[in-house]
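Scrolling down, you'll hit the structures one after another.
The two complexes that follow have chain A in common; it is paired with chain B in the first and with chain C in the second.
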Partner chain A sequence: MENLVYIALFAPFASSMFAALFGMSPRQTFVGIVASSLLFISFVASAILAYHVYSTGTSIHVTMMEWISAGDLTIPFGFLVDQVSVTMMTVVTLVSTVVHIYSIGYMDHDKSFNRFFSYLSAFVFSMMILVMSDNFAGLFIGWEGVGVCSWLLIGFWYHKEDVTREENPSISPSWAANEAFIVNRIADLGMLVGIFIIYWNVGSLQYDVVFADLPNLSSSVLNAAALALFIGAMGKSAQFPLHTWLTDAMEGPTPVSALIHAATMVTAGVFLVIRANPIFSMTPEVSFFIAALGTFVAFFAASMALVNRDLKRIIAFSTLSQLGYMFAAAGLGAYWIALFHLAAHAFFKALLFLGAGNVMHAMDDELDIFKMGGLKKAMKWTYIYMGLASLALAGIPVFAGFFSKDAIIETAFNEGTYVLWAILVITAGMTAFYSFRQVFLTFHGDERYKEAGIHPHEMYKFVLIAMSPLAVLAVIAGFFMGGFQEFVTKLLPNYEMSHHTHELIWYLTAIVLVFAIGGIWLAYKKYAKGLKRDEKLENSFVYKLLANQYYIPNFYEAFITKPYAMISEMMWKNVDMKIVDATVDGIAKLIYKSGDGSRKMQTGNLSNYLNWMAIGAVLLLVVAALSAMLG
Partner chain B sequence: MIGLSHYLIVSALIFSIGLIGVLRRRNLLMLFFATEVMLNAVNIAFAAISHYYNDLAGQMFAFFIIAIAASEVAVGLGLLIVLYKKYGTLDLDDLASMKG
Partner chain C sequence: MDNILSVLVFFPAIAGLLGFVVHKDSARAYGITVAAIEFFLSLWLWFSFDSANAGMQFVEMIPLIPDFGVSYYIGVDGISLFIIIMAALMTLIGMMSMSVTKNIKNMIITLLFLEMTMIGVFVALDAIIFYLFWELSLVPMLYIIGAWGGPLRVYASIKFFLYTFAGSLIMLVGMLFVAYVYHNLTGVWSFAITDWYALVLPVDYQLWLFAAFFFGFAIKVPMFPFHTWLPYAHGQAPTIGSVILAAVLLKMGTYGFVRFSLPMFPDASVMMITPIAVIAIIMIIYTAMVAYAQKDIKQVIAYSSVSHMGIIMLGIFAMNAEGIGGSVFQMLSHGIVSGALFMLVGVIYDRRHTKLMSEFGGLASVMPKYAVIFGIMLMAAVGLPLTIGFVGEFLVLLGFYQISPIMTILAGTSIIIGAIYMLAVYKKSFFGPITNEANKTLKDLDRKETWSLVPLVLIVIWLGIYPKPVLEPIDNSVKAMLVFMDEKAITQEAKDMIRVAKSSKGGV
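For the complex of A and B:
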């Protein structure tokens, strides 16, 4: 079993190194095939491990080697495969395998094909370290590793020029990559502080040691640690107010959006909260804050998705919104439900993004859904896939999203937080509306793309086949809910609805369904026949507010980026140039001047030299005399 | 009565004369003479102190200095002649060729 752990972990690494060998050479299809096969091996190993953990009910704990050993601090490279991490491993490797195969088709015409696979596999390796590590230090390494890979992949088309925010809200791939990296850096500081607080008070970073020692800690320490860790989670999972980077990250290639910015990396924050659930369950205030923030983000992101015209940005907002749902569940103590929604969401959201990638491929990289329409004839399979994924996202029964999202909404009701419940129910209606607005505008109605002279074509066959596992899971994943609960609650605290909620469960489900179906119906009425622009609505204040993301990016630019740039320039011109540089230059000038001055002694005249020698001798005599007198 | 301090004062005076000669003179030959004056001032001091302490080592040292000064003058004058043949002068201001 130990070997399987290493295979699951290092196959993506081998894949990354292999692809990196060909990083600078022209496109080689076999690089993609080898990378995909290695990822598939990693997936198989993870699946066998999952079966092992499931059937024996035990976890596997291996220590590869000592890593840091200084004084009392020992941090090993240890890996823990238990119910939670094995779920993440299976989800991550499954989605990555699909995305790798998909990328062979999608990146077909890109000249940096090999480099792309190298980055993508490196990301999977970092993500595996993140989920498998048995201590906070390893988690942090994976955390930073996925951040770097995300930066590399968002800025994959780094050669594109910066444009204005009006033309493209994310300015340019390299700008978006830097934004994502810097915003995450802010949050990672919180994360680091959390880890330091834990080490300071417990003296170890191993999960088992830390969690066993929690009852001895004071509540203020626990609150501080939980809050600091959650700040880290907020950055990685793009929660308000650190959410702006996620939609801008859509500048990266679409497979990247599917893998990193929907299915895996952005859920790392949720994973952290689930992993550190002993800490969060002992800090009810912080947990409630998480739930409230999650609910707010769910609503807030869904509202922005209602009016957006960019295919990928709509899905990105929906990711944000669903992450909010996960945090709401985790904050309310329903960790296993959060993990279940994480897994289900990974499947249908990756599918949705890959479908969007197919549309982009067909539409010559056009993303404006107002310029599409009627694509279902040309792209039957993509239509079916995106339709299924949207049904799952909207939470229509039998699809995966219905079970997981409904459970979260019930949790909010069960906890007696009716305000959160009401917001989550309304958000469910909005989710259904914006997902189907996008589906109808893309695939139904009049064929607006003809004006641009585009001839859409379906994606390659093998790509469509590679997407099928995700489609199947998006449909059936919900049926495993009972088994999943039994499986992960061996490790996570169980969460059951109270008797009261159980009695009302049909009404609650019906209310959510009314909202969801209402949303779909509204979208159908408004958009299925074709696009009718409503000038009055589009010029209204609320519409503009939503379309401009509540002007938050502009706000950040005006009140953070620009003042910071001004301060930086001031510091550069006044402090750096006039103090730091001036000091260094002054020392250099002093030495130069003294050298230049004393150069005049070098007259070449022996008589002068003798004079200097006499002066030196006299000085020495004086020193000797003084020291004799004083000593 | 002439004591040690008288000898030392004479020695210091002669040494100072020699030193001033070394510092002020421009002619290399004169520099040599000045050096000899300084050496002999030291010799006087050596001899006087040796007598004062009743220790012959100082007088022996003075002899050494006289011998070495003689050989030094022999070598130095030889060099001066070569220098004079080459440059036609022994004035230090004209010989300054290694100006920094």
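For the complex of A and C:
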């Protein structure tokens, strides 16, 4: 079994290195094929491990070698395959394999095809380290690794120029990449602080040691550690106020958005909270904060998705919103439900993004859904896939999202946090509305794309086939909820609805469904027949507020980015040059000038010299007298 | 070979003298050969070094002026070992990558003399010998900047010389005073640092002496506000000068703190934790911001050096094995990474004769190999895990967290603002469309450049994944030093602050 752990972990690494060998040579299809095969191997290994963990109920722990050892700190490269990590491994490698195969078709015409696969596989490798590590420092390796890969992949089309925010809200791929990296770094500082707190209070960073030692820690230490770790999670999972980078990250190629910015990397924050659940279970205040923030983000992001016109940005906002749901569940103590929604979401959201990629491919990279419409004729399979994914996202029964999201909403009710419950229910309606607004505007109604002279075509067949596992899972994943609960709650604390909630379950479900179906119905009424633009609505304050993301990016630019640049400039020109350096030169000049001035004493005139001698003698006498008086 | 250290110190100097008779066409090959032999000798030193032994090894002692206790006394421990190897490595790599053609013979000879002084500083165990090499190292650098530098070279080189020289003189006074106190207490003269260690000084003496040594070291590091010579020196120096300056010469200052200030004045060091940490945090944040405002790539790297040296300073005063060990490791890491970054700036300067970022843009399309190596070094500079830059920075911040969480968070902003200026440089130079015609025909790295940069890339990754071979000897010596400091400290405050690792094996 140990070998399988290494195979699962290092197959993506091998894939990345293999593709990197061809990184600077022209496009080679076999690079994509080899990379996808290696990813598939990693998936198979993960699946076998999952079965092993499932059937034996034991976890596998391997230690490869020592990494850092200084003072009393020892950090190994250790990997832990248990119920939680194996779930993540399977989900990550499955989605990754699909996305790799998909990319062979999607990146077909890109001259940097090989480089793309190298980055993509490197990402999977980092993600595997993140989920498999047996200690916080190892998690941080993966944490930063996925950050760099995300930076590389968002900025993949680095040659594009910066444009104004009005023209493109993300400015340019390289700008968006830097934004993502820097915002994540802010959160990473929080994460590091969390690691430091744990180390100085426990003396180790190994999960098992830390979790076993938690009862000995004071509640202030626990709260500080939990909060610091959660700040780290807020960056990777793009929670308010560190959320702006995620929508800008849509500048990356669409397979990247599907894999990194929907299915895997952005869920790392949720994973962290689940992984460190012993800490969070002991800090109810921090946990409630997580749930409240998650609920807020769910609503907040969904509201922005309501009016957006950019196909990928709508899905990105919905990702943000669903991450909010996951945090709500995790914060309320329903860790296994959060993990289940994480997995289900990975399937249908990746499917949705890949579908969006097909649309982009067909539409010559046009993303404005106002310029699409009626695509279902030309792209039947894409339509079906995106429709299924949207049904799952909207939480319509039998689809995966219904089970997972409904469970989260019920949890909010069960915990007696009715405000959170109400917000989550309303958000479910909004989710259904924006998902189907997008589906109807893209696939139904008048064929607005004809104005631009675009001839849409369906994606390659092998790509469509590659997407099918995700479609199947988006439909059926929900049925495995009971088995999943049994499996992961061997490790995670179980969470069951109370008797009271159980009695009301049908009413609760019905309320959520009313909202979800209502949302779809509203979208149908407004958009299925075609696009009728409402000038008055579009010019209203609320619409503009939402369309401009509450002006938060503008706010950050005006109050953080620009002042930082200005202060930096001032520090350099005014402080460093005019004060610090000028003082140094001033002292040097003073010495030089005094030397130059006193040179005049050397007149060669004896009587002058005698005068100076007299002055000197008097001075010395004064000094001597003073010191005699003082001493 | 018991006198390997003497060989390491004087071989480059003797070879440099012989260099005068070498023909100028073969001077370069001669220099590289000598530097390579020196580097292999330093590796040999590492292999014969006993990692488990925390004390001084390969000690040589020849009395020079017995009446005043001055002797030729040298040795090496885990703290100095790797700085010596790095000095030898960076001299070799610097020479290999060198593009200077004017007066090449003089340059080679100067570099070999410089190598002697650098290694001399790190092996010296006698204060006078230390001081001699310390001051001698200024001369070759003065010459390198003054003779091969840019338009402002004379101003820059004189500023460099006088500024650091002024600091060193104050340090010299401190050294003489320590020797005087030693004589008063024991009746004999000694300048041996190991003898000085045994000296238990009253706290007020410690504070004054700490201050005297501080000026010598702080200007060299350079610590804020004594740092302004550095941007001029880097701005005017040729690539090779910047590489050696950033990689090795700056480390003399931080090494001085570890070798002298901590073990000799443990109580004063503990009392100075807060002031030093404040300066270090100013260095980290302020110079990172100044770096962000720069228009010239080389100036960005120059200011970023000050910022990174701030991290090193912070770690030294963490008073625990994690922080100090991390700090010493970070000295190596910064040496390799900043050296490589200056070489990379040199690559583009050789092609375009400008270092202004506004002149570039889109270089990744025309110079992909260059972009990859620059990218790796950038990531190492911002402390990405599994690169060399992470290990030291992580340990320093971890170590200092025990002293002050708030100050650690402030210092930790370096991982954010470091990324800000570094990514800005990368974006402005490598990303975007190629707007400048002159950049469209640029050649990617040639063989010479590739062969000098690739080894550094390998080291950056190797020590990022497996730092143990280097970290272990450092850790042993640091732990022993802490045990010693703890025993020696006279104030309760110092005894409380100095944290002896549980895994320490015992005193020196």
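The working rule: the second predicted complex is superposed on the first by the 573 of 631 C-alpha atoms of A that agree within 3 Å, B and C clash if a C-alpha of one lies under 4 Å from a C-alpha of the other, contacts with A are read in each partner's own complex, and residues count from 1 in each chain.
Here is the rule we go by: a residue touches a chain if its C-beta (ideal position, glycine included) is under 8 Å from a C-beta of that chain, and two chains touch if they have at least 3 such contacts.
A quick note: this is a predicted structure, and the numbers were derived from the prediction, not measured.
In the superposition on chain A, A:462 contacts neither chain B nor chain C. Contacts of A:605 after superposition: chain B is touched, whereas chain C is not reached.
Considering which of chain B and chain C touches more of chain A, the answer is C. Of the two partner chains placed by the overlay, only chain C lies in contact with A:571; chain B stays clear of it. Of the two partner chains placed around the shared chain by superposition, neither chain B nor chain C is touched by A:551.
In the superposed pair of complexes, A:159 makes contact with chain C only, with no contact to chain B. Residue ranges of chain C in contact with chain A, taken from their complex: 159, 162-163, 224-229, 286, 289-290, 292-294, 320-322, 325-326, 329, 362, 364-365, 368-369, 372, 379, 382, 384-386, 390-391, 394-395, 397-399, 401-402, 405, 408-409, 412-413, 415-416, 419-420, 423-424, 427, 430-434, 465-468, 471-472, 474-475, 478-479, 501-503.
Partner chain C is touched in their complex by these residues of chain A: 23-24, 65-73, 137, 140-141, 144-145, 148, 155, 158-162, 172, 174-175, 178, 181-182, 185-186, 188-189, 192-193, 195-197, 199-200, 564-565, 567-569, 571-573, 575-576, 580-581, 583-584, 588. Across the complex, chain B meets chain A through its residues 19, 22-23, 25-26, 28, 31, 92-93, 95-100. Taken in their complex, chain A has these residues touching chain B: 599-607, 610-611, 614.
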